[in-house]
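Both of the next two complexes hold chain A, though its partner changes from chain B to chain C.
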Partner chain A sequence: MTFSMKRVMAIFQKDMKDLSKNIYITSTLILPLFFAFFYGRMDNLTIDVHYMVINLVLAVVTSFVQCAIIAEEKEKNTLRGLMLSPATLPEILGGKSLVSFILTIGTILICTMLTDYEPVNLSLVALAIIISILFYIALGTLMGLLSRSVVEASVLIMPVIFIFGFSSMFQPFAEEYPILSVVDYLPSIQLIEVAAAVESGSGFADVVGNLAIIFVWVLVAMVATAIVYKKREMDE
Partner chain B sequence: MAILIMKDIEKHEKDTILFPSFHLEIAASEITAVYSTLNVRSTILDMLTGSIPSINGSIMINGVTLANKKSDYFSQVGICYFEDGLYERLTIKDYFMFIGRLYGFNQQYDSIFRITQLHEKRNKQIKELTFSEKKRVHYGKLLIQSPPLFIFEEPDLNVDMETKRIFISITKRLQEEKKAVLLLTGNMETAITIADNVYRLDENGLRLIQTENAEQTMELSEDEPNEDNKDKEPQPIQFNKIPTKVNDKIVLFDPPEIDYIESNDGQANIYIKGEAFTSSLTLANLEERLQYVGFFRCHRSYIVNLQKVREVITWTRNSYSLVLDDREKTQIPLSKTKMAELKDLLGLK
Partner chain C sequence: MENVIEVKSLAKIFGNQTALEDVNFHVKKGETFGFLGPSGSGKTTTIKILTGQLAQTSGDAKVFQTPTSSINKPAYRKRIGVITDNSGLYSRLSIYDNLKLYCDLYDVPTKRIQEVLQMVNLTDEPKKPISKLSKGMLQRVTLARAFLHEPDLLFLDEPTSALDPANSKHIHDGLRRLNEKGTTIFLTTHDMTEAESLCNRVAFLNRGKIQLLDEPKALRRQFSDASVTLELKDGREIIVTGDAKGADAIHQYMATGQVVSIHSNEPTLGDIFVEVTGRELV
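Entry: the complex of A and B
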């Protein structure tokens, strides 16, 4: 099995063109942009607010777009044609992940411009965000494999938005209910911790633990995706 | 050389036999149609793609089996499913270019647009197209793919006349390019008009339905004694009602009510306003009775009421169809030899 970049690009371009005309999916981009615009009007934003917007982008844009474009292929009966073509599954998912990735980066850039967020150490923050994106892409792929239609996808995405997008809101409760301290290990909270540490002048060595935790999430999501895929293949 | 070889393929479902073991080979530049029910058809397609295992038998396409190497196998075959999806928001051009990149197509797209006659609509989104135009996009996809074996499932069901004509010319073109074509259809007219070899596949197995080539020789030997008979004893009284069986009742029909008659496994099915009635008579018997009241044997397995024919379509130099004047605009195959006869009958040269 050869991995052909040409086919990945073909799928990437096709999905980009398709998505640019898909109002249902692109309209979800408006939600984080609206939040960013809304908060951007206020002064002295804390790092938590900046990252609430970024985490929202990750949940709403990255996961949902990835999930929806996979689910739509199933809904419209086009996945079969794709599977019978020379394109292999890694190529198909690669092309789709690239779409979600670029869309996410673009939305995050616009959002940070709107909220005037300027990290002290850009490369470190960028690294943390990119690892997070990998997690959300894997999560989106997992949900895409589970859902059969775009409508199902938008139902599945709800808990994801709730858990990962608004997780910073649970933190105050964690002191009251110790069980909720698990929340601290969520990738979204870890991302905020990295950013907060960077703001206070920490270097790579200080945040490597947090990055590792996010990376474990990436691995868990990828393994879960692979298991679901294998299981589905057996069922059918 | 045979492109597709299906050996000892069979399928049992619980207590019933879907189809018993059969053997089918399709050579290059051969168009073969398999006439079957939906159930049989989807089983065959699933076996070809490997989603249903063909336990005792084997399927080989261009020397490659599915077990051999999956990607090689699928590069040998292009399947046009009846219910295939398209990327509705893409334009036809973008879609073709996507397929082209996927399959490493490096020729001009213009020829694909020309063959499918979608040139004027190339920049339209696929969702704006009619059903027939979408079908043509499917044909175009397969042409870009250009595998040695083309499989079409119900390629011309519910399409307009223009699209059917395009489809027939595509099959002829594929034949010239030495491709093998397999049609899976539930429409006998399609099968007979397009394919060289027509098979029926059901619980009784795979049987060849005789079409033109076999027909010509048989006709000659049959016809002559018949004509002698007619001269000798012209029948004085004609009882013109045609008996059919509905459950246990016998229903008599007036010949002018009948649209056409189709032979189905030695039995004649009489079609009246889209409904089929089984007749106990054979097609030859019926022909004899009906030829004096404006009926015409237009094909080995068809008799048509000429009063109901609206149009004669010429698809290519030697494939024709008759279109009836009913609501569905039913199409009936007209064989090449019968075309000449019909022209005589109509007083055309």
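Entry: the complex of A and C
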């Protein structure tokens, strides 16, 4: 299979230009920034609070932006135009994902500055965040492909924001409701565990299990996305 | 000459509704082939199958000697252009930005944008946002996009349906130029004048079946009774049969200086369609 970086960049540049004129989608960046600003005024923030903001960025910015730009392409029949062009699945989704990736990194950086978060081991935390971003991008793509319009995407993405953005809030109830113990395996919780372990001096070998769990989520989401994309190439 | 499209016993059934039934035809390289029929006759379904957007229920459909189920590869996509009624454009971006994206996707230099905008008569405002364009202008931008990479095979679904006569003529001239350069064109339309002026051969599609397939001229001859109408100086119009008796009558009227004009009674493609299918082309 051929891979053209030129086509990836063409789709990326088009999406950046388009997104810069799309107030509806870009306004979602405000929510995590508001939380970061709010918590940033408090002293001695715990790792859970830092990662509540970061997980919110991943759910709201990464997933929603990706979901909305894919859903809009479907709504306006432009996705079919891309599918009928020489651009392949990795090129189309690569170009579109690059937009969400850059917006996510930018928002996380601003949020961490606002909350004054400085991890003990930056490279390990960055690795965990980057793997998490891949999961949320794949999830957003999947939701976008399943939506018929941006409005429908906005509704579909709500449970994602709720489950992944605020998953740490469910953990205290796991003893009372055992079913909630599955929350421990969510990528958002795994990310918090990596960050907490890093803060207490753990190295790569100590968190490789957590990273592997997040990576499994990435693989599952990517496979599901590829299957749905292939189905969307054809009418029924 | 090599066949660019080959269709054999093609059928498509949606639920309990038959959209296409035993459709057979081929399109030769360099040909402009018209697929004519009223709304709901199966034209768009055929284009979707031929462009790999829809799977057939049975039968064979090949493009460039390749089953259409396997043409979703960049090498084939580069050779094909598709314009259907729901080909979308990016509404917040300008005409230029929309076309530039496709230049990059097809690896075409951006100077081609100016050429295709001339082809569709849209050179005045390349920076205008798509959201500010009329329906006719949108259709012209969509066509410009399909012309960008000068495909080997171009599928056009009702290309001039929203255009005024002047712009339709512009598009027709552009299509002729593309065809002269070697692009094979598969055109669906219910505009018989468009079909007559552009197509080397036409197929009449009615309720999912091809009823007739031939050159427009051959079809008109086949359905013509060879009669002519004489317009006389006294205002009368006389239909004269195309045989020896008719020839004598024409001679008589002309010899006595009564004839103002003579018109052939050859039917139009529209007349033939109605005669064959019993349906109007709407």
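Some points to look at:
Operating definition for what follows: the second predicted complex is superposed on the first by the 229 of 236 C-alpha atoms of A that agree within 3 Å, B and C clash if a C-alpha of one lies under 4 Å from a C-alpha of the other, contacts with A are read in each partner's own complex, and residues count from 1 in each chain.
Here is the rule we use: a contact is a pair of C-beta atoms (placed from the backbone, for glycine too) under 8 Å apart; a residue touches a chain by one contact, two chains touch by 3 or more.
Every value quoted in this text rests on a predicted model; they were computed, and no experiment measured them.
With the C-alpha superposition on chain A as described, chain C and chain B clash in the combined arrangement. Once the two complexes are overlaid on the shared chain, A:77 sits against chain B and chain C alike.
In the superposed pair of complexes, A:43 makes contact with neither chain B nor chain C. Shared-chain residue A:176: touches no atom of chain B or chain C. Applying the stated contact rule after C-alpha superposition, one finds that A:7 touches each of chain B and chain C.
When both complexes are aligned on chain A by C-alpha atoms, chain A residues 6-7, 9-11, 14, 17-18, 21-22, 76-78, 80-81, 84-88 touch chain B in the first and chain C in the second. Taken together, the chain B residues at the contact with chain A in this complex read 49, 51, 71, 74-75, 79, 81, 83-90, 94-95, 98-99, 101-104, 125, 141, 145. Residues of chain C that touch chain A in their complex: 48, 51-55, 72, 74-75, 77-78, 80, 82, 86-93, 97, 100-102, 104-107, 145. Partner chain C is touched in their complex by these residues of chain A: 2, 4, 6-7, 9-11, 14, 17-18, 21-22, 76-78, 80-88, 233-235. Contact residues on chain A toward chain B in their complex (touch as defined above): 1, 6-7, 9-11, 13-14, 17-18, 21-22, 76-78, 80-81, 84-88, 236.
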